[in-house]
Amino acid sequence: MARLEKIGCFGLTEPLVGSGTGGGLTTTAKRDGDTWILNGEKRWIGNATWCDVSIIWARDVADNQVRGFIIENKNTPGFSVDKIEHKIALKVVQNGHITMKDCRVADANRLTGGQGSFRDTARVLRMTRYFVGWEATGCQMGAYENALAYAQNRLQFGKPIGSFQMIQDLIARMLANITACQCMLLRLADLDDEGKMQDYHASLSKAFCTAKMRETVAWARELFGGNGIVVDYNVARFFADSEALYSYEGTFQMQNLIVGKAVTGLSAFV
Amino acid sequence: MARLEKIGCFGLTEPLVGSGTGGGLTTTAKRDGDTWILNGEKRWIGNATWCDVSIIWARDVADNQVRGFIIENKNTPGFSVDKIEHKIALKVVQNGHITMKDCRVADANRLTGGQGSFRDTARVLRMTRYFVGWEATGCQMGAYENALAYAQNRLQFGKPIGSFQMIQDLIARMLANITACQCMLLRLADLDDEGKMQDYHASLSKAFCTAKMRETVAWARELFGGNGIVVDYNVARFFADSEALYSYEGTFQMQNLIVGKAVTGLSAFV
Amino acid sequence: MARLEKIGCFGLTEPLVGSGTGGGLTTTAKRDGDTWILNGEKRWIGNATWCDVSIIWARDVADNQVRGFIIENKNTPGFSVDKIEHKIALKVVQNGHITMKDCRVADANRLTGGQGSFRDTARVLRMTRYFVGWEATGCQMGAYENALAYAQNRLQFGKPIGSFQMIQDLIARMLANITACQCMLLRLADLDDEGKMQDYHASLSKAFCTAKMRETVAWARELFGGNGIVVDYNVARFFADSEALYSYEGTFQMQNLIVGKAVTGLSAFV
Amino acid sequence: MARLEKIGCFGLTEPLVGSGTGGGLTTTAKRDGDTWILNGEKRWIGNATWCDVSIIWARDVADNQVRGFIIENKNTPGFSVDKIEHKIALKVVQNGHITMKDCRVADANRLTGGQGSFRDTARVLRMTRYFVGWEATGCQMGAYENALAYAQNRLQFGKPIGSFQMIQDLIARMLANITACQCMLLRLADLDDEGKMQDYHASLSKAFCTAKMRETVAWARELFGGNGIVVDYNVARFFADSEALYSYEGTFQMQNLIVGKAVTGLSAFV
């Protein structure tokens, strides 16, 4: 995968296990000599519909530990993927619903790097949450740039709508949100370079940037009036996509509970 | 139309004239003996793609007054309608983009009831804005009912997510918004019955109910996590539809300026 | 008290027990023949500094039930009240910090009407929460009326500031909030007349009206610019007072948990 | 002043001229040989009640240009200062209401550095607006730190309130706001070091940081329940002070119009 010769996907979320991954995966792995037998379902797995290999996280029935396995999507009997249809957001990404029925995987395909355990998923989530911050910033920037241009060109009452106070208010608020997200992530990039980024840093920035994004894209969308609900003006797409960014890689609520635990020293997940 | 034997549509908004209808329509009407010749475009006209007759508002080139005309969609040379594609909201309604090239209408089809002038459109808008309040309330109710049921049934960490404080907070806020909208509109219905509903009443309720709707459907959508972005769970549709309701029949900004003018006695439209 | 010959106060909240009254009062009552001996502290008790009698809620050490007692403030040895100083809000009300050291109360002064138990406090809270809704509405109305007059009279750039879009936006939002609160409470008044008002109705309206009040008074305060921070212009007082209304008779969080429990059937208090 | 031997104040705002300083000061300066005669009033001038010298901005009646003058507070006949009373915010600062009746100032005390004109005030405002961003950040930090400690120590239902989801939600949102403000201002400090900070940078950060501060201190205040309205717990002071910070050195609305003009190229002040 690192040579980009094969495309992979990351199979953690399940139909019935989203926020509560820490509370128990339902996909099981059972050792049988040199192979493992996997059973269960994974949902929302980006790229799963067409990629070559999947990393599947499953609970070892022997010791209840979560282990990761690399599965060849196309050559593994019992492994099937359905494309999730009727999405309103992030249509550019295909998400798969994976079903595994007695899928056999060689023990050699068990992940043993890192700590070879569930804690590795936390390392992955830390990075993906940090990345979603950037996605959310880019999503806002796209909405803002389209909105600014529209405000400068769209005339009502014989004037560009950008010359009205209420429209300038929306534009200034958007730009402030974007600038705040950029500056926060720039600082987090430094922390990451220095090897100091913690889970709660990533959670705080994921929650903040996606929450501000939601405000920004809504203001941009409304600035377009009716034209804001057709995809042709771009802003409708940014508006809709932001809902996926807001929820994936951990909801706003979960991020806040991760931050809350870090600063109070008290856990409130359950 | 009143006998429901023919379906009509209301052609006021134009591609370049939305909020600024008071500042001048670009569609023109020119008298030619017993007929009028109409030229121009109308946009976002609900039902226009398939209905029988259209009410078209146009500016009389002779005296600059706005007049209404009834046009037979299918029998009027020069009259054509394109369906607006790529909508993200309110897909259940077909919106048309009407183009009129030298359309001839008999003078008998000119609207002469009411005041026979542009002021009649204000009467129509007052009622449609009031109705949008109810639509916005119904849209929230749909989102809420789906969200409540999901919260009671969806398990994470072995418990219904509805048993977590942060989810109850969302639910209680949703219900408060809905109750507020219902109570406001109930009172406005009384005012309407008494013949006392004014434009600014309708504007205030349209602005308030659609703004609260936007909050409510966003909370409902996020409560569903990833499942909130597929239409199958309903909430995605309420979420997307609400953007149309928020903007049509006059934007939030325009409603607030109508209210603002009524209470301050000062106009700030331009 | 009903003849208004004596003024009373309602002693439920304690220094260490606010939201968690249901979880246990620390003030104790111990029966001793025909009298009870009360020990403990009560805090935030409105009027306590000067009124004639206090209703004190305490936990019976014998059976852990909460019972109410009427105490004569001035004739009861061991009963003392300190005025709570340094308040920023609702200075018009004096709040007392009551200390009881071996206060003796005749058993005849034990409340036996109602259910003679802690459930009676819920009935009181239902009504006071409903009343706070009205207080919050009145507080907003005061802020709004002052703000509207200021907007019409204060000139900047040679024009009344009420003629600027951004100011009209604030005014229209304020008025919508107020109207929503009025309509909700009007409906609740009907429910109360019909004997149908439940605890969760009062909680929903208390949470909604005080949350909208907080928005409204903040918009009003900012409309006054610098003059909004001196009491002379009235709005500063409404702004500050609203914080007391927002928190007393149960916090926003507690009201939402009461509503949440009612609609989900799931308790999330602890 | 630069040697800190004398303390000064900055007299720009007037009783009737706040946001609209660009539209015309009412304080006048009239040349009379080697001296100038000043008449008018200044309001909200920090330190004015006790400082040594005041910088007064006035409109030259000869050419309508705004000029700055240094006045010795205590030795200038006709110069008087009243302390502004009844403030609810930033009581630590004394604000003066200055009245000037035929105050004579030597021409040597006219400011001639910089551009010797009204544009110099913009340079001052740029820096003070940037500084208010830091003040707003510090104000939030104070509120947050007190709130966090309270959440960890205050018990309800037998547990620290910081262990409840709704409280953790408030805490995480506060911390995200603070972090965003810190990161934005850190970046702005770099721009300032590089000599690249523009007026609209300062305006954007002033608007953003003070708006987030308002959210943060309100969340902190409500976390304290009733104790949040007495100054003894600190948070009430941060809550009240933030209103001064939000409005001074230019309102939220003015900052947004400055940003809006910079990015749209369209002025919407009037």
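The chains carry the letters A, B, C and D, assigned in the order they are written, with residues numbered from 1 in each.
Quick note on the criterion: a residue touches a chain if its C-beta (ideal position, glycine included) is under 8 Å from a C-beta of that chain, and two chains touch if they have at least 3 such contacts.
It should be emphasised that the depicted structure is a prediction, and the values quoted were computed from it without experimental measurement.
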item: Both-way neighbours, i.e. chains that touch chain D and touch chain C; value: A, B
item: Chain pair showing more contacts of the two, B-D and A-D; value: A-D
item: Chain B and chain D, separation of their C-alpha mean positions in angstrom; value: 43
item: Rounded Å distance between chain A and chain B, as computed from the means of their C-alpha atoms; value: 34
item: Distance between the centres, which are taken as Cα means, of chain D and chain A, whole angstrom; value: 41
item: Residue numbers of chain C (touch at least two other chains); value: 164-167, 169, 253, 256-257
item: Interface residues, chain D side, partner chain B - complex; value: 164-166, 169
item: Of chain B, residues touching chain C in the complex; value: 148, 151-152, 160, 162-165, 167-169, 171-173, 175-177, 179-181, 183-184, 186-187, 204, 207-208, 211, 253, 255-257, 259-261, 263-268
item: Contact footprint of chain B on chain A as seen in their complex; value: 13, 16-20, 23-24, 43-44, 84-90, 155-159, 161, 164-167, 214, 218, 221-222, 225-226, 228-232, 236-237, 239-240, 243-244, 246-248, 251-253, 256-257, 268-270
